[in-house]
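First, the structure itself, so that you have it in front of you.
To keep things simple, chains are lettered A, B, C and D as they appear, and every chain counts its residues starting from 1.
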């Protein structure tokens, strides 16, 4: 199968959906000639014109509001917030408006809005441009949260997100836009709420999403050398969550390591751990281990930056603490 | 000891600190003649004048920014955001600025800012005025998170918050402003990071904070009738967290129920559960139970509103599921 | 307003009265605890809602606020469904989930009240994009208060609407107060309407208690918008008769000023007088309207009271789908 | 600028050159990957930083932006500590934790650069309250870009600063671009400076490439602020010479316009010429300044390169204290 970059997969998804549904449009900062901060929209302004590729002033709350208003009146906007760190300027619109409108209005209105953004550390862009904030959105009823790791997943899930009738937080990771991965030529979509087993194994379940899938794969490779067989579950969508897939893997392996780049305190990782503890306590042969970011603003210095987020070695260590072979 | 209302305890703390430190001032909406939405500042405008009781336009981000800027330049502001739901408009200022400034600037600057706000359901004020959003702030390194339940706690902790050299999210609950509780006449403060055992017991540990302390006390009373003895741990401050107190109680009881009014998914409750699982797995005689809010925007209708948050009966049920007597 | 039919004028008067009586009833129901939570009556501001909504068509959108009953009624909302919602009933506009601050109606192109001050302003931008893309001359009216005009979203939204020449009419109901904060103290320039110049759009400062003036100004702004000339900002000056909500005595308000507005600037009374002076209606007509409206409102209360509460089981099922 | 001493003028020229050469060096270090992350050089905008900071005193505050090196240097920052920070070293202004976008210095009353566009504007309000409460005539300069002027915080902050008559000077550096978005397209009114009227404050629209004009305007605004007359808004029109950052070729920019600014409006060259015309300096002086500054900058690079990295163990300890 051909291999394409993650950002190219995004672009393909957008093009396919814009071609098949004239109600789909793009709105955000520097998405015109600039093609978006990570160039995922390269050339789209030429293809669709400024009516469907709306390049806005630096007005994040109004970008989301524009998305909501258009969604309420028949369109399917994809609103882009350049860094997840800037969603801080839009939380009222995302949380009090987009997420709640359908419910609050007794299903009178609904908001088919995709909010594309990206997070994560690794580029030396420091504390205000490197956060992993998915836990916030995960905590808000009414939002779906999608965090695809591979080119295949990002394409299929973005198409599903665009077709969804309710708001979707679509969170990418700044370190993987240039990763290449297999993507079929034919059209496909990926349903929400269906985890993907990124590697099958017997001894321990590793739950990981977004860029941490790759760190986990690396760790699993290492651990294999010591005869430890890891099963890697990538939920792909945090809301809805394929909890069955996690539980059934844990029932098989009896052990769970939960990995997340976000700061450990109050992370999604904790939530997964709590859920598994409550639902599969009797199948656990060891305490659940969490491998997550340190509770720190991300430092600029590269060594410190790297030290504040998980690496394969941290996952290896955690696995070895609960798997004795 | 005399008993005073929760809001009166807030007022006393503010008065004492304003009297002893001229750098302390108040800023927020309708805190002048109106005395604040819950009248905690009644009369303060007359006592301190509009220079120290600054009644602002509806500009939440600027309110927090004003607090930060004043804090950076030698003052100790208490900025009020009327409802925690409106902190959505201030997340950049709280999260990207206040929380990170000291760290990012290599300790050059620091932000002695208290952000007072209130959350919670129960007043029929629906989805945009009833949220429990502490999990967001709990997840952000650089913020302290204080959630006092009683008049005693709110007074002592607010004084500590005002004296703290770093930003503090001080989160009250709208249903408890009129609760009365004992407060000594003499001055006192309560250190951050020290849990309070609101009731001692043997069979199960109940972790609860803010208004859920009262629901837990009610449940414990019920359970006593069935011979089940509950220990209620109120952390009072979520950050810093007195994890030792929780672990040592769990070591004694072997069982844990974590209670939080916030939506279950991604809640602080999950985090507590995960931490205890990782650190005290071998002392657990039963799965940890979480009693939390439903994953729903809070409905207006009173019956539904009540159904979406935990009650004593839910806590009783959870305890009985893991304590067999 | 010379080119308005007698019938249309009478319709407007009826709407004014309908809002007035509806709000009076909700205050009463609030005081007897049938309605709870937050209630923000629009008493004294009726001419803005009616003047504005009469100047647009049923296909045009409106975006409302926490003080939104008047906007709903002026746009044609069903009183039964409104009242049922205020009583938290399953038959209400929001199935009892939203209450006063969240009423919406797709068919009426009513994009929702809002509990967040200014929260609807950015949404109007999106509705504006949508009208522009549809290209069939629809417009959006976005209501908000003087208090909201100090919030950041006001700025972002008006700027963006103007940059893209969106067909949105921004109507600031300056009722002099945002809870206890007087707009003379919170708005740093003289008039909210002056802010239009920051966005390169026409600004109008009008007497919001004069239905005719509201109607004509909105009509002009809507015509401009339909022609592709972009948004306008209208400051409709009015007065909040009551406190912020029924439990607020409004002690911070100037008593003389309050009296002045109630006595001299009552939008309902003045429009009534005007139509009488024009010979369009008589005292008897008014009595008839009042009777009809009283019945509608009594019926709505009856409907609401007799309506079922939302079912708990259904709620628990629905929650799983969120 | 007639009442400015020769020495002061020379100081300003030196600062202009210092910024110019510093920025050139950082671009070079970025291209050789000694500096990484985000770097936003202020090449072409030097006159604003220097003119503004020279018009206030060491006790006055400044609030800066992501494009803040010029502001720091103009306020007197130590080049060694700046360069060390850009290289992520333990000796840097932020101990290597912050990088280019977070430099701050309490002693210099430099309240921080900011990675969030507009993020510093609300902070200036608080610094303004503080100066007002202190009552000793201090002022705050708040720098921000044309892009930032479209963000909600601009509106809230300028309104609040004006309502409370805070001593803040708002300086919008309109360098025509916000990344790829031209301010002619993003700002719905003609000039950002026109927005002052929305906040009842004086607005100035000036040539930001002319140091004298910047200096005099800021001086006037600062005088007003110190007298208790409240804030001002100054739009200093300038041009971003480079792309948004060193990796951005700026393909969206008009080439002729770029050439015009570089050739005709170079703030450093023009001020140099002016001082020469005034007979205050000669070519030889300039060569001397250039040499001195080159040495300072080379020294700063040496200092930075020889400085230790932050210690990992210490970091892990520090994290526990967050």
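Some notes on this structure:
Quick note on the criterion: a residue touches a chain if its C-beta (ideal position, glycine included) is under 8 Å from a C-beta of that chain, and two chains touch if they have at least 3 such contacts.
Source: prediction; values computed, not measured.
Once subunit A is left out of the assembly, the remaining chains are all still joined by touching in one piece. If you average the Cα atoms of subunit C and of subunit D, the two centres end up 45 Å apart.
For the pair subunit A and subunit C, the distance between C-alpha centroids works out to 40 Å. Taking each chain's centre as the average of its CA atoms, subunit A and subunit D sit 36 Å apart. For subunit A, the set of residues that touch two or more other chains comprises 56-57, 59-62, 85-86, 89, 92, 96, 103-104, 126-128, 141-142, 294-297, 299. Touching of two or more other chains is recorded for residues 85, 94, 96-98, 102, 114-116, 119, 150-153, 156, 159-160, 163, 186-187, 322 of subunit C.
Judged by the touch criterion defined above, the protein chains are all mutually in contact, each touching every other. Here subunit A touches subunit C in the complex through residues 25, 27, 51, 54, 56-57, 59-62, 64-75, 77, 92-93, 96-97, 101, 103-109, 141-142, going by the rule given at the top. Partner subunit D is touched in their complex by these residues of subunit A: 29-30, 32-34, 55-62, 85-86, 89, 123-129, 294-297, 299-304, 307-308.
Per the touch definition, subunit D reaches subunit C in the complex via residues 150-156, 158-160, 162-163, 185-190, 194-195, 197-201.
In the complex of the two chains, the subunit C residues touching subunit A come out as 61, 63, 85, 92-98, 102-106, 111-112, 114-116, 119, 121-131, 133-134, 140, 152-153, 156-157, 159-160, 163-164, 322. Touching subunit B in their complex are the following residues of subunit A: 85-89, 91-92, 94-96, 99-100, 103-104, 126-128, 133, 135-136, 138-142, 239, 262-263, 265-271, 273-275, 277-278, 281-282, 284, 286-290, 294-297, 299.
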